[in-house]
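Shared chain: chain A. Partners: chain B in the first complex, chain C in the second.
Then we have the complex of A and B:
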């Protein structure tokens, strides 16, 4: 356990050092990333005003809170993608990783976890800037704050698992982009990324319960910007933990089969 | 004598899709794919005792890298068996991986944007090395390879040779007992090649490590390996001492001499391999070398004549030219 802790610390340090090499690029990346929620925010705020001040319980201040928290959750959602899996197999990087006495997935989790610290540091001034312009209606309690802290990290792990599962399909298909696009479309609708799930038809909300998307995106936002009860907060965290367990089991199974395929054909 | 590597009837076959060129063939391939079996490694056997340095030679596509990948656990053999330090490599147990390394000259593990020192620290964490022991080994390797002034620079700012030195340090920090080196000096200048060869030799002597080395530079092989294994078309053509390889595969010898009369006709004596004024090098069949030498000395006015085996590069080139049917 101590060895894994040491490895995670060292890999996260490498990520931080590496990302600090290109601070300007990081900032432009962050600015590019907030364009999407700002569009949603402006559109929905205008709709809310036209509807007499609120849509589905969301005021312009409510939308501002939702989408400003969205920006942090979205960054926490950035993980090693299926495109990355394509690259690591095509370039032979996976072979080099397999020579190490540690599972490559630990490297992915640790590296992107380290990267989050850079992202959070860069996000803070952007969030302040957006708050000054859009005036979010955000008054979290201590419990919501604590739940949010855990929820964003659990969301990170859920998305890591799901995209790793998609990425591992590359063992069989070499290319995975078409499947990723399909996944991305489903995620957009069922996660709360496009619009708060409570504004979606009831059947979409019901459907979202059975997929990991909501627990990796909408739920963490709602812990801070929604009005969830304590039992809803704890239940949501429990659902996140359940999806992580499912993800660990599924990635292990797929890895065992996939790596046999990989070692049969080379890379 | 303990064996570090034991390979028996090791085989790796691939099913490779193939089709004719053109749109029609591509469209047909959507419905019916044609496969061809490629015998990358075909029933090879050899053993390497602990501490030995062996050259693994062969032309491109001979099966060298496939063999190294099987021995390091990256590829699952189609048939036969391999054991490295009494482990089955393809199981990739962590105890096995901690005791081996695979250095590929065209692949890199170091973080491009960071000084190598940061990547070395990551290696320490990956292998769970004790901090003091790690620091001692790292500093020792840095000193031997004379890269003290470079380890604090981002890897991207280093030359190819300097990067390769860093790669080798990173790959050996955990002091592996078995080294698989696949073209470690590829693309490097002569000085860099020599420095890396010296380092590998020193590592082998100091830690008693076993080394299996592939290289297209015969200077690497001559400097490090008494024994060579030659693989061609997936089969082993030769396994023995380097000198025996030359003896077996060299059908010619070179006769070099200086003439007092540079206008002499030399065609009756053999093939003129080189001629620079009065200095001549003849290529003659091995069994005729003494007879040609004697004729030269009696027929012409010759100074400082020497008879030598063909350069190892030429011998290897002639081995590599052996067609598949004859391999």
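Then we have the complex of A and C:
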């Protein structure tokens, strides 16, 4: 256990030091990322105003709250990408990591978790800036705040698992970018990233229950910006935990089968 | 004249290169299809709730989306790959190979890459524009059509200048690769006409990142919104940006310190 703890601490420290080297690049990345929710926010606020102040239960202030929390959740959603897996497998980089006496996934989880501290530090001024302009209608209770803290880290783990699973498809085929694109499109629509799920037609909302997407995105936002009851909060956290268990089992299984297919030498 | 011949040769090489990887065409078609589907879903969701957005009807916004897709294709086929290669060259010091060639360096770094399959987006965008125009009843005058085409060219030129200037900052900041991400994020704002954005953002999308010129102004021409004065302003700004970006590029080049890669 101590071994893992030390490894995680070291890996996270490396991530912080590495990523702080190029703050300009980080900000380019952030501004590019923040443009997306700002667009949604502006469009939907305009629609809400035209419809007499609210649409689907959201006022412009409500949309502002949703999409500003969105930016933090989106940052928490950044994990080792399937394109990274593709590169790692195709170029044989995995060989090196296999030599280490620890599962390569731990490295990913730890590194990106460490990066989160950099990202959040840089995110705070942007969030303040966005809040001053868009005036979010955000009044979280203490309980919601606590639930949110856990929800975003659970979301981080869920997305790590799902994207690792996706990336590991590269063990079988190297033409994966089409699959990745389809996945990301489905995620965009079914996670609450494009619009709050409650604005979707009912059948889309029902469909979203069968996928992990909303638990890694829409749910954490709603813990803070929505009006969830205590039982909904706990139920949601439970669903997140359940998806993580499914994720761990599935990644382990796929890893065990997939790694036998890995044939790169060197790297 | 020599410059044109040079650009043409690189274009031919780029096309031949792409023909080696024909399967990528199908992947590109799929990607374009997905992007189009997501765009249409977004449009549908908005117009489930309202009948117009900032004075634009649904069909007019379809035209905006068409221009957005078309221009995105132009950028990813001809502008972005060149600039990304330039970034790598500056960082790795391999820009030497371009600088030692007996041609204008700016021209050379701007024409070296061409992604043929990205033109699927150009075609798709054109089709979407066609559908929107048909729904509007083909009420396009010859003058509007001319305004549209010239606005497209100016929009592409301004986008090129923007990319070049940002890429040039690599001479000082070295790692600017995330710029592609930045641009994609901001360019996505062009999916909607810039007049729906608050003033500060609209200003930024007009003068800092030329999204307004790349998408909204050509689309305005299509929907009969473009005034002669705006067109003239666009022309002036294009000339200004072409000059400024060239000066900036030269200034940056002086700062290049790669010594034989």
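The rule is short, and it goes like this: the second predicted complex is superposed on the first by the 261 of 267 C-alpha atoms of A that agree within 3 Å, B and C clash if a C-alpha of one lies under 4 Å from a C-alpha of the other, contacts with A are read in each partner's own complex, and residues count from 1 in each chain.
Keep in mind that, in the parts below, contacts are C-beta pairs under 8 Å (C-beta built on N, C-alpha and C of every residue); 3 or more make two chains touch, one makes a residue touch a chain.
Every value quoted in this text rests on a predicted model; they were computed, and no experiment measured them.
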When chain B and chain C are modelled together on chain A, clash or fit: fit
Touching partner for A:207 - first (chain B), second (chain C), both, neither: neither
Partner chain in contact with A:133 - chain B first, chain C second, else both or neither: second
Partner chain(s) touched by A:181 [first = chain B, second = chain C, both, neither]: second
First (chain B), second (chain C), both or neither touched by A:250: neither
First, second, both or neither for A:11, with chain B first and chain C second: first
Touched partner set for A:51, first chain B, second chain C, both or neither: second
Touched partner set for A:78, first chain B, second chain C, both or neither: neither
Partner, of chain C and chain B, that touches more residues belonging to chain A: C
Touching partner for A:43 - first (chain B), second (chain C), both, neither: second
Chain B versus chain C - smallest C-alpha distance in the overlay, whole Å: 9
Chain A residues contacted in one complex by chain B, in the other by chain C: 22
Touch list for chain A against partner chain C, complex: 22, 24-26, 28-29, 31-36, 38-39, 42-44, 46-47, 50-51, 55-56, 133, 175, 177-178, 181-182, 185, 188-189, 194-195, 199-201
Chain A - residues contacting chain B, complex: 3, 6-7, 9-11, 13-14, 17-18, 21-22, 92, 95-96, 98-102, 260, 263-267
Of all residues in chain B, those that touch chain A in their complex: 14, 66, 69, 72-76, 90, 92, 94-95, 97-98, 100-102, 104, 107, 109, 111, 113-114, 118-119, 121-122, 124-128, 154
Of chain C, residues touching chain A in the complex: 23, 26-27, 30-31, 34, 37-38, 41-42, 45-46, 48-50, 52-54, 173, 175-179, 181-186, 188-189, 191-192, 196-198, 200-201
